[in-house]
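Each of the two complexes below includes subunit A, the first together with subunit B, the second together with subunit C.
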Partner chain A sequence: MEKLKDYSFLCQPKIISGKKSLEGIPLELSDLNASKPLVLAMNNISDKHRKTFTKAFGDSNMSFTLFDGIGQYAGVTAAREAAILFRERGCDALIALGDGPVMNIAKGANILLSMDKHLHKLTNDVEINQHMKPLVYVPLGAAMGLEATSKADIDLNLYDSPFLYPDLIVIDDRLVIDASVEDMNYSALMALTGSIESSSLELSNPMADSYAHASLAYISENITKGIKKKKKNSCLALANGAVMGSIAYSNAPEGIVYTTSKAIERLLGHSAAAVAGLLLPHWLELKSADKKPVRDVLMLALGGFDVYSSTPKKERPHGGVNLLEDLIHNMDDYVPLDLKSLNIPQYKLKEIAQYATETNSTIKKKDILTLLERAYDREEI
Partner chain B sequence: MKIYEEIKPKKKPIKKIYVAAMLWFVGRAIQAAAKTDKNVKEEFKNLRDDFAFSLGVVPNGPVMIVGKTKEGKVKYQGWSKKGQKLTLEMNIKNIEAAMLVFTFQESTSVAFARNRFFVTGDLPDALAVVRILDLVEVYLLPKIITKLAVKRYPKWSELNPIKKYVNRIIIYVRTILGV
Partner chain C sequence: MQEIIGTSNKVLEVDLSNKSFDIITITDKERVEYLGGKGLGLKLIYDRMDAGVDPLGEENIIAFMGGVLMGTGAPCSGRFDAITKSPLTGIMASSSCGGPFGMALKTSGWDGIVVKGVAKTPTYLAVDSKGVTFKNAKTIWGKDTQASQKVIDKEGTGSVVIGPAGENLVKFANICSGQRYLGRGGLGAVMGSKNLKGIVAKGKEFKIIPKEKEKFDKYKKKAIKYINNNDLTSEAYRKFGTNANVNLANAGGILPVRNFTKGLHGEAHKISGETMAEVHDTKFHTCKPCTILCGHKGTFGGKMKPVPEYETIGLFGSNLEIFDTEAISEWNDICGEMGMDTISAAGTISWTMEATEKGLFDSKLKFGSTDGISETLKNIAKRKGMGDDLAEGTKRLAQKYGGKDFAMNVKGMELPAYDPRGSYGQGLSYAVANRGACHLTTSMFVLEVFLGMMQPYTKRGKHVYVDFGENISTAVNSLHTCLFTAFAYELEPPLIKYTPTFLLNIMVTNMTAVAIKFMDISLWPELWSTITGQKMNTSKFLKAGARINILERYMNTREGISKKDDTLPPRLLQEGRTFDSKKRTVPLESMLKKYYKRKGYDSNGIPKDRTLKKYGIEKK
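Up next, the complex of A and B:
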């Protein structure tokens, strides 16, 4: 067993998962002294999701306002609009019925409501130093990595504060089963990235490790069943894996794969999840080549006890990387072969590396360039 | 600017009526079983003299109340909490969770483990009530359904079939007649 180091770990939200878990929201809100939530949702939310959610509030004496005007982009305007509606209707809690932009806008609206009485100031220099309105996150199976964390990405600005954690996460099988195959793949890839990067650090802590390993195990065991057979339990496990991965990631500094993928998404518009799926195995291989061994627990998390115990100790780190490659290989339709296949010109790599180091100064530009060059052309490896 | 609607979700009257009927029947069956079955009698004997508990659904009910009288007898005391001195309150968190329990999709102990209940009072008392509910269900329901509703179905050595069927008839008669 590894020597225990000093660490700190924060996981604010209460998590309710499984059958009829949506019906638990009204009581949980009353426990948070809230009785009139504002529900935020995408503008294309399905009728089934809307009906299931509304029915869950039946017989609870609680009504809510549905703000279903959110598009694909998490901007300040939408956050302000939600905050104004919140005030006008006398709401006292926020529920994000959806992932990605919905949750980011919910967090943005919460910052505005709690930090600026005029609802104007939403810039990343705002100091978030107090508890905010109760915030509930209800995933629809398309998590993009930040939802269950203490971070929010609004108008390309990253906000980070322990007070940004949701208070409650409700994962209901009736909602996550309808996620598209693409969303499930991307959600799994972001969770894999968060989990592997957080548990690969030299300073990783046992709490973050436990979340990361549970996340990896859930994803590797359920990705095929969830995507191909659409089994309720597997979809639920994937959504749980995504939440656990986010929490692990939230308790670790942002890693090189995450930062670089986000930089490519912002500069060139490619999905960060797809790029992360491409970069992750390359990064682990570079790490092994650099004599910074990959922890053998990666194999334990991805392969299970049988595979782990039947593999000689020396081969476990490399075996873990192979298992990850196999897992990502199953998502081939959604992960590019290399950066070249995304039509990224080679001269752009320096620009990407520069942008990434500007957003995360803890990572060296040289390391990012090495990673990008390795992942650029598969034939050259 | 788009007008965003305020949604007032509907009530669930049919589910409430079903759960109310089940609670009424189970409440009276507990009273009957306390007179008929020695294990149920023993469980109540070990509880304090002024023991009274409610089992219900929040926030709007229904509720059943069962308690011990001054003479030490176990009595179903209706559904109103007004004027009742309850030593234990067991609440199911919502009507859908109550439906899972009372349609036997989930046993009482599993529902407890899944945090579908919250309890005000002593936990050992709550667990005694769960054991009593399990025993009552064994008498009220056929084995195939009871197996879904209880943690472990009693073996022959614990409850022989003749005794079970005789007690079942007595409990049903007493429940219907309320004696």
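Up next, the complex of A and C:
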């Protein structure tokens, strides 16, 4: 694997992570010249999260407006509603209290507020080329891969600009510990996907690699304790891992596993994270078979130094894939056995491949089909 | 003339690929368990078709099934079903029609016809009591539905045909019989993919005689009495057709307006049945035989034409903010001639208007303007220009261009003309209906809004009625008789009719199980029983409905359907409407949970093994 001779790496957000980190938000907002944030949240946000968040603002004399009208789907309408409320209430910053659709809507509202004063159109061809309102991301442990990145998925359109990065990410253990087991698994799977795909490029970016490997290590070490035992520190580490994987992914082109999983989610409604968990090992094995070696640092990141150093050099790439399979095996309840077990009809594979190439033209349709066919029926491998 | 006592129990099985046919014999057990029409058609397909086949591929099967009541003179019994795997949704679809083909097929001696394979060249089938003749359809390929029927109807007394939309595999192409349609689910595209332009049946070869004629006549008389006494069936629908629903829906705040952003409109009266009757001088134009007489024709642009039905009026009218009945009639005609479902076509047009307004899609279509709609509909049927995109329906459009939050479909099938934010039970019904967004599987808006028997903005008991309604409507569609008979047969028996309204409403809302027991639905099984000569009671009848419904669900789950698909467009779950004093969205999640439990599904919406066993459904 060659390293890029010249490379760039952008990590815009400041990250505050740990106990009581929420309480730092007012001060950080002041540093960003903001004092009246609009807080965006899901329509089913728990009372506990609402109270914890509100309490954190208690001594600051700073007040906020809450927009808790976000559902599972990140559409243009919700972004518009948030932007309108932002203007009506004279807000000056956005806080996404939640993951996935909440963060996408926050980014969408920010595009509207900064790029189009009349809120007319929000389309994919908007060139996002200017600084926006301060944006804060507060994860609730259900990250879906794009939150900490320069990308936003709004109404099935992918927007990408360095200006879309959040300015601040605040990871607080009191919030991330309440994520459901399903959300934590899916969050970990998306982080694994972002990290592995970004660190598996032909020409590697050492800065992105370091974030990716740290993310892999965090997830590998903490997944059991975080999900099964609900240890606060492990949940925090998983959330940190998700953010780091997200940042690594932000500095890499979109990979085949992510693109294909998203295509299946959009066309057939299956969770992209679950599908990515299924496709990842298959993709790495196809890479190996195609004489495009899997990097041995995968083993280092997932297995730790002891396992890595005690494994012969030649066996490390394959060992890395095995460790990944073991890790995913622990999430079996959330990762399908194969595509057939999801009752995806075989005639749909071509449609999925076609759709995926239409959303990401850098990937060849035949490569996607090969991956889908390999993952279709476990018994036929 | 020869006689058939009850049913012939013979179904034609046609293979277009090798131009052959066979005869399937229906057993007594199948008849009792699956009744006829939709139920039997579904079972025949289940036994013959694997999961995962391409709806537009050779292996897909389409079944046309007449009802048990067909040909007996039972009220409103001139209906038949088509059942297949839908190219619009990728799951099972069935549709019902009051055209002449059903009667022609049954009086040719067949309870149904099941078609598989692909013909090498455009073909139509001519059916008589001896079987099937494969005929060259080259001269009518490309012709519209009416012109095609004129040609092939010379060989029989009733036919089904597709128009250019079916030939061009428009995902919501329909099938035409006379001036009536097997509308929903893109069944026309399935015929198109098989190079099958039409089927004509000779008919009038057999007379259909109920097994227990005297008893049958007694029940028939009672049925006619109920229909003639009921306000909806003898007054509103008879006088104003299904467009009697416009004013009711508008008053109840469930009329779709501007792609389901509002639930009422000040100009709605212009498209109401009452106004249409006056302006267009409407007359009866019904399925045959019919006692309700809801179908109407009227004068549009100086010509006598079918009056667009409520769904067409609601979705091409208020939902596009257009109140010009002449224009809507023209679009109704175009859809009819080209062979396209008006619900999906209009739903697709309204998505296009909103997507254009929001800058997601490039078109000249605008809410409130009739400009360009006729041309767009023709282009959809021909898959020309942007019509090629629109021919895929709203789900695929949103997947390609965005705008999923206002792509008003469930499981890919466009929403009918009732906004469930004013009828929560209807929201649940749309979300779980087996063929996608369907207003006929359980018409909760009738209970909640039209009759006012249940509070529309609560969740209480809704899962019970949706389940009950599914079982009833599936059984009725398998008899097969018109669903509107439900108004009369369920509400006219003395026990319900003479119970004070306030008491009835309390019971319906608060004592759901008792209220259902209270309902006398015995007329349907009695009619079925006296025709076939086999024993059937209310409980067995409802169980058969449940069995068919669960079989269809199970078949759908084999195609990948689960809880993730039992949902509503984000607009209905997240956005309030402008006229509501407080934001109202459909509280689907909790209703869904209770519904699954009642149906015997697991938490992911999959029928449990013990549920399948209870209904004698063999897992495949």
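Simple rule for what comes next: the second predicted complex is superposed on the first by the 377 of 381 C-alpha atoms of A that agree within 3 Å, B and C clash if a C-alpha of one lies under 4 Å from a C-alpha of the other, contacts with A are read in each partner's own complex, and residues count from 1 in each chain.
By our rule, a residue touches a chain if its C-beta (ideal position, glycine included) is under 8 Å from a C-beta of that chain, and two chains touch if they have at least 3 such contacts.
The structure displayed is predicted, hence computed values, not measured ones.
Colleague: In the superposition on subunit A, see if there is space for subunit B and subunit C together, and answer fit or clash.
Modeller: Verdict on subunit A: subunit B and subunit C fit.
Colleague: Contact-wise, after the overlay, does A:221 reach subunit B, subunit C, both or neither (first, second, both, neither)?
Modeller: neither
Colleague: With the two complexes superposed on chain A, say which partner A:325 touches: subunit B (first), subunit C (second), both, or neither.
Modeller: neither
Colleague: State whether A:377 touches subunit B only (first), subunit C only (second), both chains, or neither.
Modeller: A:377: touches no partner chain.
Colleague: Of the partners subunit B and subunit C, which touch A:78 in the superposed model: first, second, both, neither?
Modeller: second
Colleague: Thinking of the overlay built on chain A, is A:89 touched by subunit B (first), by subunit C (second), by both, or by neither?
Modeller: first
Colleague: So, does A:69 touch the first partner subunit B, the second partner subunit C, both, or neither?
Modeller: Once the two structures are laid over each other on A, A:69 reaches both partners.
Colleague: Where does A:58 make contact in the superposed view: on subunit B (first), on subunit C (second), on both, or on neither?
Modeller: In the superposed model, A:58 contacts subunit B only, not subunit C.
Colleague: Based on the superposed arrangement, let me know which partner A:343 touches: subunit B (first), subunit C (second), both, or neither?
Modeller: The answer is second: A:343 touches subunit C but not subunit B.
Colleague: Minimum CA distance, subunit B versus subunit C, superposed model, integer angstrom?
Modeller: Minimum C-alpha separation, subunit B to subunit C, in the superposed model is 5 Å.
Colleague: Which subunit A residues come up in both lists, the one for subunit B and the one for subunit C?
Modeller: Subunit A residues touching both partners: 69.
Colleague: Taking the complex as given, what residues does subunit B use to touch subunit A?
Modeller: So the residues of subunit B touching subunit A come out as 2, 4-12, 15-16, 58-60, 93-97, 100, 114-115.
Colleague: In the complex, go through subunit C and note every residue touching subunit A.
Modeller: Interface residues on subunit C, with respect to subunit A: 51-54, 57, 90, 358-360, 398-400, 402-406, 557-561, 564-565, 570-571, 573-575, 583.
Colleague: Which residues, counting only subunit A, touch subunit C once they are in their complex?
Modeller: 43, 69-73, 75-78, 120-124, 154-157, 266-270, 342-348, 355, 358
Colleague: Which subunit A residues qualify as touching subunit B in the complex?
Modeller: The touching residues are 16, 18-20, 23-24, 26-27, 30, 54-69, 85, 89.
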